[in-house]
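Here come two complexes built around chain A, the first alongside chain B, the second alongside chain C.
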Partner chain A sequence: MWQYFLKRILNTIIVLFGAVTLTFFFMHFTEGDPATIIALDKYGGQLISPEVIDRLASEEGLNRSIFVQYTGWLKLICTGDFGHSLRSGIPVLDEIRLCFPYTFALALISVFITAIVATPLGIYSAAYQNRFLDRITRFIASFQVSIPNFYLAIIFIFIFSVKLKLLPSFGCDNPTHFILPVMVLAVLQTGFTIRIVRSTAIEILESEYVQFAFARGLSMNRILFVHVLKNIFIPVLTFLSLQFLMAIEGSIIIETIFAWPGIGKLFQEAVFGRDFTMIQALVLFFAAIVCAINLLVDMLYIFINRSISFIE
Partner chain B sequence: MNKIIEFKSLIYKPYFYFLLFLVLTGINPFLISGDNPYTTNLSRRLEPPSAEYLFGTDDLGRCVFSRVMHGARISIGASLSILLLSLLFGGSLGILSGYFGGWVDEFVMRITDIFMTVPTIVIALVLARSLGPGIKNVIIILSITMWTGYARMIRGLALDIKNRHYVETAKTIGLKNSYIMLRHILPAILPPILVMATLGMGRNIIMISSLSFLGLGIIEPAPDWGAMLNHGTSYIRTAPHMALFPGVFISLTVLSFNLLGDELGSAGNGRQFFMNTRNPGNPKGIR
Partner chain C sequence: MKKLLSVKKLKVVYDSSAGKVHALRGISFNVKKGEIFGIAGESGAGKTTICRLLMGFMEKNAGISGQVDFNGDDLLKLNYKDLYRLYGRKIGFLPQSIASLNPLLTIGTHITETLKKNLKIKKKKILKKKAIYILDALEFSDSRQVYNSFPYQLSGGMNQRALLAIAFCCFPDLVIADEPFTGLDPDVQNRLLETVRILKDKKNISMVIVTHDLKVIEKICDKTAIIYNGSFVETGETKDVIKTPLHPYTQSLIKAMPENGMIPTWGFAPGALYDDAGCSFQPRCPTGSKEKKKHIINSPASVGNNHYVWCLNVKNQESVKDLL
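== the complex of A and B ==
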């Protein structure tokens, strides 16, 4: 088992390295001169002169060849120094550390709500296939899968803050600001999750030990919420971790719409401002989250499987 | 295998007609709407939907209905181009790596690993910022980011077929590898690829409009749905129709492609096949 994880971690490092390299070269496809763009951003149109641009370029090392920049930057990250933001001057890691809790909170709350809503609905639709509840949840689920997140966000803003004037549509000052973004994420996730819960539950319902439970005359509710729920736990947990990743990914668009001060908005601003150090650090951060969650799920899988076999 | 698509069952599906409608409007948008999507009329700004302007007018007095109809051409056209490019590239690499295995396989899979670790939208945004906006660039960007998913799945499918007896027989009698791949493996994995492609159309449309929505894809004045949504968001308080109608069309189009994909999957053995490759421990396939 340890060998397996060692291999996995080695693989993760290779993948992270590849991701960083890829974005580095993707960023430098650009036609415009980065120093000019950053100078424009920093000092405005009137104030910049060729001297200012040159000074900025040499300060940030933007005038060296791409390959030199790449190796220099790589050396820096290996020492744990991600540099400072080209726009604000604050160390990149500090800024990420400041913003990430907001994104994390959104993702976690939405996944939690998804789990609470989707698990019972999915199990019920599996148990009573093709009945009214099953049909209606499947119908709604297929809609949820198809609506792009930004459109759902706009619809919610339109309904709840423009028409009903109930909820604030941007910023993050008090708990009511959480409601709309969390709702958007949760609504999008439940569609997928119900489908997965349903298909997993159908399989479990067809298995022999559940058939035996039926034969013993146990009530439907007992079977569903003891036998089925117990066995659905691991696959659904795996799937929810994927949903968590999707929520983090979706944060880039959702946070832009709701002006939410998380890493999604940070990334979007960095991309628009061509803040190279920030983009690099955030790409690495996103990739690291994905790898970490995948690794965690694998470990959890093995751990839970082992404990199950140990008890029996 | 001969009857991949049950056309008969599609006759009763509303989404089939919606897609047909979109394709026809995509071919000639002026069939449906007479107005020019670029003509501005500042005396009739931000008008709500009426008989004359079915979806109202935008902040420059342009007809939103005709812009949405012209948007069908951009959305369907661009996502079809992305699909073809990424399927061709990802598919060929997938078949090659599934069939040959070894270091080819290892290399291709590591590259797909990298692409799959970084969220698609992150790579797309970085690329979009350096290449700049425009339809051509959107197609390039999304083809670069989307091919990996196809490569993975098609590799899995090819790997499965490769060990079938008829392929081994073909190898034994000394047929060329390229012949086996094109004539024996490709036809066998075509139904699941068709399902993947249909579902992929929906995903492409969402990605295109996401990029446009963030202002890095197709930009004004081109009548793209995502760009219209982005533009309309600023007027959500005064003229909500500007954002709502393009969004309805994005959602309905994606929904139709998803439903069509599900239908194709359940008609042939596409979906089961498709699911098997993702989860080898689940021989029956997820329903």
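== the complex of A and C ==
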């Protein structure tokens, strides 16, 4: 078992290394001279002499060869130093650390709500196939899959903030600010999750152990919420972790729309501001989150279902 | 002895894309209290269909006629609610494989949830005590440990024994078993069969056991019916049917047993789609296949001691009384 985890952790490191390298070189072959950008940022719209740009470039080490810059950056990363934001001058890690909790909270709350709503609905849809509830959830799911998240966000803002004036649509000052973005994320996730829960539950309902449970006279609720629920836990958990990742990835759009101070917004600003160090750090950060969650889910599996096989 | 289960002229026809599937072509039998009734036949003969009907599971595409009288109720006419009330409490089910154990529940949970539902016991302590009692009765060396074990923590034989504990924990009047204990090594099988025998004697439980394994029939069934292509071909006391088989199909089954040289019967069963008056064994029958004329059986021959044979070559030795 420990060997398995060691292998997984090694894999993770290789993946992260790949991500670092790729972003580094991609960034350097895209347009936009970072030194000029810093200069513009520092001195505003004034005329900037080439000397100033050169000075800034050498200060930031931007005029060395690509390979030297690359190894230098690798070394720094290994010591935990991701550099300073080219725009604000604050260490990028500090900025990420400040923003990430907002994104994390949004993703976690929405996935949690999704799980609570979708699991019972999915199980009931499976138990009573093609009945009313099943038809309704199927309709909602098909509807949700075809709506892009920014569109839904705008509709929600229009209804709840503009028309009804019930909820704030901007920023994050108090808990009511959570409601709209969480709602958008949860609505987008539930329809699909219900269908996943349903199809998994149908498979389990046809299993021999559920048939035996019926033959023993157990009640429908006992069968659905003990026998079936326990066994859909792992597949549904996998799916939810995927939804969680998608919520974090999708944060770039949602956070921009809701002016949410998370890493999605940070990323968007970094991209538009050509803040190379920040972009590099964020890409690495996203990659690390994906790896970490995969690893965590794997560990959870083993914790929950110790009979899982380690042979690959 | 009182009749507990009485099946009369049970016919099942499945509607399928291939045509009408005659799974059961009018079978009748009685099971008395404390008796084990065995039904043996090859795969496709209709054995699982019998079990499913006795358990009240009816396929949507099945046309059913006949009667299944259990303790005064016709199971085929009961509504779902009343039927459900019988499961577990009055009619139990012993499944074939240990895939019938929920991998994420302990053996103890399987037993206590069954007891709780069917015997309306609420107190956790009493439930556990009863569960341990039944595990003890099944001769587990360490009942407490088995109680807390998940299926994957036990050996195959122990899981089979656990299945017995779960199926018998409420001591139902009738236990239906579809191919129990198949594919186990003979030693394990023998010990499990012995346990079943003891359990049912202690609590006077009736059983219907359906199997293709004549060993199981020989070891514990009081009465036996041989089923071929949806019809019974021979019924009677197990010792009569096994020791003095009269129907050519029964004889071929016995020749096919390992200790008798495993001589296979020539040919295949015509299958459930076959719809023709007359003996469906005729194409494979050593005597019947030589004749052009169809062998049509109107009533079984009785050869005494409730031993009946559906074959024209077997001469009546008693006037056939009303079988039912």
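One rule holds in what follows: the second predicted complex is superposed on the first by the 305 of 312 C-alpha atoms of A that agree within 3 Å, B and C clash if a C-alpha of one lies under 4 Å from a C-alpha of the other, contacts with A are read in each partner's own complex, and residues count from 1 in each chain.
The criterion applied here is as follows: a residue touches a chain if its C-beta (ideal position, glycine included) is under 8 Å from a C-beta of that chain, and two chains touch if they have at least 3 such contacts.
Everything numeric in this text was worked out from a predicted model, so none of it was measured.
Q: Check chain A with both chain B and chain C modelled on it and let me know: fit or clash.
A: After superposition on chain A, which the two structures share, chain B sits beside chain C with no clash.
Q: May I ask you to decide whether A:Met299 touches chain B, chain C, both, or neither, giving the answer as first, second, both or neither?
A: It touches nothing on chain B or chain C.
Q: To make sure I follow: the centres are taken over C-alpha atoms, the vertex is chain A, the ends are chain B and chain C. What is that angle to the nearest 10 degrees?
A: About 80 degrees between chain B and chain C, seen from chain A.
Q: So in the superposed three-chain picture, is A:Lys230 touching just chain B, just chain C, both, or none of them (first/second/both/neither)?
A: Only chain C; A:Lys230 stays clear of chain B.
Q: In the superposed arrangement, does A:Cys291 touch chain B (first), chain C (second), both or neither?
A: In the superposed model, A:Cys291 contacts chain B only, not chain C.
Q: Quick check on the superposed pair: does A:Leu76 touch chain B, chain C, both, or neither? Answer first, second, both or neither.
A: It touches nothing on chain B or chain C.
Q: After superposing on the shared chain, does chain C or chain B touch more chain A residues?
A: B
Q: Quick check for you: in the superposed arrangement, does A:Gly18 touch first (chain B), second (chain C), both or neither?
A: first
Q: Touching A:Ser199, do we find chain B (first), chain C (second), both, or neither?
A: After superposition on chain A, A:Ser199 lies in contact with chain B alone.
Q: Could you look at A:Leu108 and tell me whether it touches chain B, chain C, both or neither (first, second, both, neither)?
A: Neither partner.
Q: Touch check for A:Phe272: first (chain B), second (chain C), both, or neither?
A: In the superposition, A:Phe272 touches chain B alone.
Q: Rounded to a whole Å, what is the shortest Cα gap between chain B and chain C in the overlaid structures?
A: When the complexes share the chain A frame, the smallest chain B-chain C C-alpha distance is 16 Å.
Q: Considering only the contact definition stated at the top, list the common interface residues of chain A for chain B and chain C.
A: none
Q: Mind pulling up the chain B residues that touch chain A in the complex?
A: Going through chain B, the ones touching chain A are 110-111, 113-115, 117-123, 125-127, 129-132, 202, 206, 209-210, 213-214, 216, 229, 233, 236-237, 240, 243-244, 247, 250-252, 254-255, 258-259, 262, 282, 284, 286-287.
Q: Taking the complex as given, what residues does chain A use to touch chain B?
A: For this pair, the touching residues of chain A are 11, 14-16, 18-19, 22-23, 26-31, 142-143, 145-148, 150-151, 154-155, 157-158, 162, 196, 199-200, 202-203, 245, 248-249, 252-253, 256-257, 267-268, 271-272, 274, 279, 282-283, 286-287, 290-291.
Q: How about chain C: which of its residues touch chain A in the complex?
A: Its residues touching chain A are 55, 84-89, 92-93, 95, 97, 99-105, 113-114, 117-118, 150, 152, 166.
Q: Report the residues of chain A in contact with chain C in the complex, numbered from low to high.
A: Within the complex, chain A touches chain C at residues 207-219, 222, 226-227, 230-231, 305-307.
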